[in-house]
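Presented below are the structures under discussion, each in the form of structure tokens.
The two complexes that follow have chain A in common; it is paired with chain B in the first and with chain C in the second.
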Partner chain A sequence: MTLSEGTGLKAPAQPGPEPALPGGRKRPWAGESGESVTRNLVLVGVLAALIVIGAITQPELYGNSTWVWTNVLSILQLASVVGVVTVGMTFVIIGGGIDLSVGAIVALAGVWSTTLATQSYGAAGMIFTAIVVGVAVGLVNGVLISYGRLVPFIATLAMLVAARGLAAAISGKQTQISSNTFINGIASTKILGIPVLVYILGAVAVAGWILLNRTTFGRRTVAVGGNPEAARLAGINVKRHTMFLYGLSGLCCGIAAVMLTSQATSAQAAMGNLYELDAIAAAIIGGTLLSGGRGTIVGSILGVLIFATITNLFAINGLSTEAQNMVKGGIIVAAVLVQQFRFKSVTQFFARNRITSST
Partner chain B sequence: MSKINSDLSRRRLLFGGAAVGAGALLTACTSNEAAPTTAQTKAADTSGGGNAAPGTKVTIGFSAPAADHGWIAAITNNAKAQAATFSDVEFKSVEAGADAAAQRAALSTLIAQKPTVIVLLPHDGKELNSFGLEAMAAGIPVVNLDRAFPDARAYRTQIMGDNYGMGVAAADYIIAQMKAKGVGSPIIGEIAGMDELELTQTRSKGFTETLAAAGFKVANRRAARFTVDSGQQEASQLLQALPRMDALWNHDDDQGVGVLAAINQASRKEFIMVGGAGSKQAIETIQADNTVLKATVTYSPSMASSAISLARLIGQKKGLADLVELQVPKEIVLASETITKENASSYIQLGF
Partner chain C sequence: MTGPGAGGAASRNEKGEAVMADDKDHEVVLRLTDLVKTFPGVRALDGVQLEVRAGEVHCLLGQNGAGKSTLIKVLSGVHRPDSGTVEWLGEPVAFSNPQAAMKAGIATIYQELDLVDDLTVAENVFLGHEPRRLGFIRRGAMADRTRDILGSLGHEEIPARRMVHALQAAGKQVVSMARALSQEARLLIMDEPSAVLAHDEVENLFRIIRRLTARGIAVIYISHRLDEIREIGDRVTVLKDGRTTASNLSAAQTPTSELVSRMTGRTIEYVFPPRPEPVAREELLRVRDLSRAGEFRDVSLSVAAGEIVGIAGLVGSGRSELLETIYGARRPDTGTVELAGKALRPGSVGSAVRAGMGMAPEERKSQALLLGEPIYRNMTLATFTGLARLGFTNARRERAESDRIAGSLDLRPLDVRRPVGTLSGGNQQKVVVGRWLLGDTRLLLLDEPTRGVDVGARAELYRVIRGLAAEGVGVLLVSSEVPEVLGLSDRVLVMREGRVVHEAPSTEIDEDTVLDLVMAGSLMEGAPA
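Now for the complex of A and B:
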């Protein structure tokens, strides 16, 4: 708490009292990033705490260093698919929307890419299909939301139902086994001792980070989510940008579909169940503001890792899934409470600061 | 402004064109050419006359939950295919939708069509008990498929799989294998199906109780969701929790595809695995004998075919030919059989 106030204190002091009215409301960049760094440090602390709990409860497993290494890899693999989905979700949420259809898109892209007709085109055909289907469905969401003026919640909820329905229709409600050795090999291949899935997650996360923090697209996303009207007046094509955000989420779902198909060596209409909730929850505890305009890729990835570590922790201790779900729910609530608390302290600080600067 | 607009609309047109093109290309990719898995039916044996000979016309109304995985899909396919083998059966199927409430709504439209008999796989036996009572009171016999009604007046006949027996069969096989290998206190893992379903609890109960009788216990149990990806996920964590394992029981062969994938990805092979349900894929894997999957205990969707045959007999007021009684029995519980490499060839045509 003191840390964040400390960085907050410094930030508005530097630009001086003059830009306090336009800049003070949106908070300067230095303060913003400083706050998110603190928040991410807290998340890293939570991760460390979870690992310590694991080490205390299962000392004989944690005593074996090769086991610890494979366990870290297994957590990362567990996080990989949801992680990729969460990167796309983070963009959508920062842009002021929500995408409830991600799990359904993953299932549809997975099923579509594993039909026998698609499989006959080989691995490249399957990957192409999954990604095109993902992007196309995402863009349909985007068009409905930005040009059809549907509320994101409704549009993507409709897509959730429809995409799973289409997936079930295509698969004939059967599990489609992937017989493509390249696709199946993605999940079992390791390069330099690290599974390929983890590299994919890393690549998507880095690409997402660059896109959000180092490109105009990223800046526009924050602007659109923070205040769409101001963004429009500033010359941003808000509608088209919003559409692209859903397309981006769809792209991530397409990549995730290939990864999940590879992990399960098959696809079915019921796969990716409730991924939308996992992704939203991870983004939220990673500090993404549900109303848009704020969020970090690093925070979201840490959120995913925390959930994966909890799953792993409960598994190695042989505890039930019910208890695990309750703990997950508790963590989401706790994360939001902590964020509100921080937020209040920050706004209080600004209120105080304005009083002192006016006198 | 207008210039920008026209520029945009052209681009939009291009985009649209590209999307339609990609769509056309992709729709070609939705076909699943392979022959659908052959349904498990018993062709009417008309040579000897008796029950198989065409009799009074029977209209069978059928309802099962919307299939989201292989087993339920096989149930519906089997029922349809079995009904088609009888010349005197008219088959009316209603999709039951996603939950018990939707199924109740679908069933009320079915009652209005006045079928002779209703064959029903309820979402949940307890929740649809009242429907059974209502239909029976309206004079339509109800054949309950697999998910028991608590009220005996709610059904004419009940045919179901043996969930407890499945656990027992899986445990018996594991116990025999462990004794043969001379493992005194084996480490046994379990990957269950959806934990909120009563049938999952019953299966686990049969498994743990049988193991306990032999002095064994389950070291770790994870619950998946009958889907392949959840099976893979839970298995990967179970393998992590048990660095060494002797035996593993997975409740459902459909999710077993994912379990086997996880085992393969972790390159583990020091244990034996037993499946559940008896899918074609699993039986073929057992036959090939190149994975840890050594056996599966059946919970066969062929019961849907049998339910249709029973419903026809009930509609025609006939009994089972091999039994003395003149009417179809009130309750039939299928035995859970163990499929191993030795007998796989005779079960392969029953795989779904």
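Now for the complex of A and C:
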């Protein structure tokens, strides 16, 4: 291994890349996101395992194919509203933030769109109102965080309280019945045997996937969350983009508000309770890095489905929601632990939880 | 000092012309045999041999991506070797984490700064081994000891309680050095410590190293600057493509040509491309009376299209801050920046980029790279919007363009889909500079563009920069290496304590003059102004 004969002096000049290295064609990192594909396969495995557990614990139910189909649909329906919220949340977290106010925005948008005044404008007016309210509240979050330099956690926590308060004030703490048949029909209609709500989730997820993976908006989101200073020095307007991310989350909340109103045929200030927890948990389980810069829509949707399946599993086995919540909590902790060991240290997470801004 | 087994160790390892520098009869503290470490698709270490003795400065040489950093990461417990043995103080060891290596007496200063930005200097220095009493951290004692260490490093001006993110790159380098010295170590590993340091700081570093080696502490020193290795090194081990191609060469006597050819397998001349005849060109950048409190004052300068202007100065002379302010990343207190006659909005990077400016910042990890993202996405970070159509990114075109730049900069491995974080330090640097070679940049601000880049790739980079200038791009260059400033620029500005103190065409000024000008302030310290 030592020099002996002059290794270098007479070696042929070899320009260009290194000699071919062992490892062959198939390289795990070669895909655009080989690692997240692996992770998502693991999530699919978890989902399959949950279904197997269901089949083992309730063999007679799973023997009945109509019941299985109905059950699958009910899981999907259960997942649809939170799923839409989770798509928006995924963008916010990849962009280096967090949105604790999603549940409250859903409630505010739902209540505002079902006031008697709004209902008088018909279904279009109601949907329009829900979406505008969602986007507007999201943008307020964004402005507070980007330009007001509030920590996302604090800004959206404040919004959580404020938006629910406003929703309660508007509704006078009453449940507002939706008398619009189109709105009410969304949740009860099926196309080709599948509920419309599931199609909406599908559409939002596909749109989210394209937005994240194929557009400049998505590229900026990853850059802003992965290294805000590098993004800024590359000429990306970090503050404006951050603001848009919260607006996007608000948009998803507006859509979810319509879906939820339709499901309940009514809206009230307490609706969408704890959605922020479900959405954040689903995103984390799906592999979204809490410190930003990494995450996938597919993973988040799988996270939502896993949660919905667990809820369903507990329901068909007649177990208590208390036990269910404890199991869910455990899963969140496990997912975060796995993430930390694989990626970054806790310190970096805390170090990142603010927008870099040097004056 | 003559240990009993020392002579035997020496003769066992002397093969052929591998003569030890000046046969110090010091015991071997570290011996690596046939070390192998593979990453997916890359054999980073492919049978490395290394032997380090107490009290010596052992230099590791090798091109970008040769495996130097991987080697020291294996040594310090960051990576586990696939095979091979590490013998530390005569015992085979396998450190499972950096703390274990540190406990055993191996302290490491990594190539990429790894400080926690939101902790203070003192907290960083003692991170993981804080002085405690009854379980409580003794903050006072910690700050005092940090001050002592910083003082011994000649940097008592760094406040122990300052947040690390408020420091410039060089200051951070000093802090990571202080961290390495905060524990009793018998081996100190330094991975390109001088990359961020200016001339006088390197001297200071060498003084510290000499003091340590006199106490019998061994030092592994990595650098791409051969003159440094000649000055501080005792013996040299050369790596190429993960293999030891030469070991235990004399640092002082081995001819440069031999070192270079063992590193690269070919002979590379370390030269600057020829400078074209100066022609009168139109003015591109005009900076007037730019000031920022505590950083620089009343700086006026201009760069013409096709001109390369170099700024020489010590770290802390305000060079990087000036560059960042011109670029809009910092807001000036007073003064204006004009590009091609149009005033830029102060403190707005977007406005500068839209006007055609680009900046390769000083610190690649924190200021420039998305480590988990592929190389091509890092290269196109400033240009992907321009390549996109209707908001949809064009990944194929991005990859093609990145491929072209990566090829011209000799990026290794040449695969733009790899995450940039898996590249070696010098190759990451090429990505940082390469980013601005993509679009149609009119003015390029380069802050230490060759930091950590090896001799061969450096020549390539110089050629590329010259080529850009020939196409009419203006370049404003900051570098701690005076020969680089002189060799590459058409005109040189010397900065000292936030002011431009001298300006001259680079043909009319030499290295000694620049150094004198740069240092004048610090030499006259204490003298009445």
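FYI, the second predicted complex is superposed on the first by the 308 of 359 C-alpha atoms of A that agree within 3 Å, B and C clash if a C-alpha of one lies under 4 Å from a C-alpha of the other, contacts with A are read in each partner's own complex, and residues count from 1 in each chain.
Quick note on the criterion: a residue touches a chain if its C-beta (ideal position, glycine included) is under 8 Å from a C-beta of that chain, and two chains touch if they have at least 3 such contacts.
Just so it is clear, the model here is predicted, and its values are computed rather than measured.
Of the two partner chains, chain C is the only one that A:Arg219 touches; chain B does not reach it. Looking at the shared chain after the overlay, A:Arg294 reaches chain C, while chain B stays out of its contact range. Of the two partner chains, chain B is the only one that A:Thr311 touches; chain C does not reach it.
Of the two partner chains placed around the shared chain by superposition, chain C is the only one that A:Arg232 touches, whereas chain B remains out of contact.
When both complexes are overlaid on chain A, the residue A:Phe182 reaches neither chain B nor chain C. After overlaying the two complexes on the shared chain, residue contacts for A:Leu116 are found with chain B alone; chain C is out of touch.
Shared-chain residue A:Trp209: touches no atom of chain B or chain C. By the touch criterion stated above, A:Tyr62 is placed in contact with neither chain B nor chain C.
Once the two complexes are laid over each other on the shared chain, residue contacts for A:Tyr199 go to neither chain B nor chain C. Residues 237 of chain A contact both chain B in one complex and chain C in the other. Those residues of chain B that touch chain A in the complex are listed here as 8, 19, 22-23, 26, 28-34, 36-37, 66-70, 72-73, 195, 219-223, 225-234, 236-238, 240-241, 243, 254, 257-258, 260-262, 264-267, 281.
The residues of chain A lying in touch with chain C in their complex are 1-4, 6-9, 11-14, 16-19, 21-23, 27-32, 214-219, 222-223, 226-227, 229-237, 293-294, 347-348, 350-351, 358-359. For chain C in complex with chain A, the touching residues are 15-18, 34, 38, 40-43, 47, 49, 65, 116-119, 240-241, 243-247, 249, 258, 261-267, 327, 329-331, 347, 349-350, 352-354, 359, 361, 366-374, 377, 381-382, 384-385, 388, 391-393, 395, 407, 410, 412-415, 417-419, 422, 435.
Against chain B, in their complex, chain A makes its touches with residues 61, 64, 67, 70-71, 74, 77-78, 112, 115-118, 121, 125, 129, 132-133, 136, 139, 168, 170-177, 184, 187-188, 237, 240, 260, 263-273, 311-312, 315-318, 320-322.
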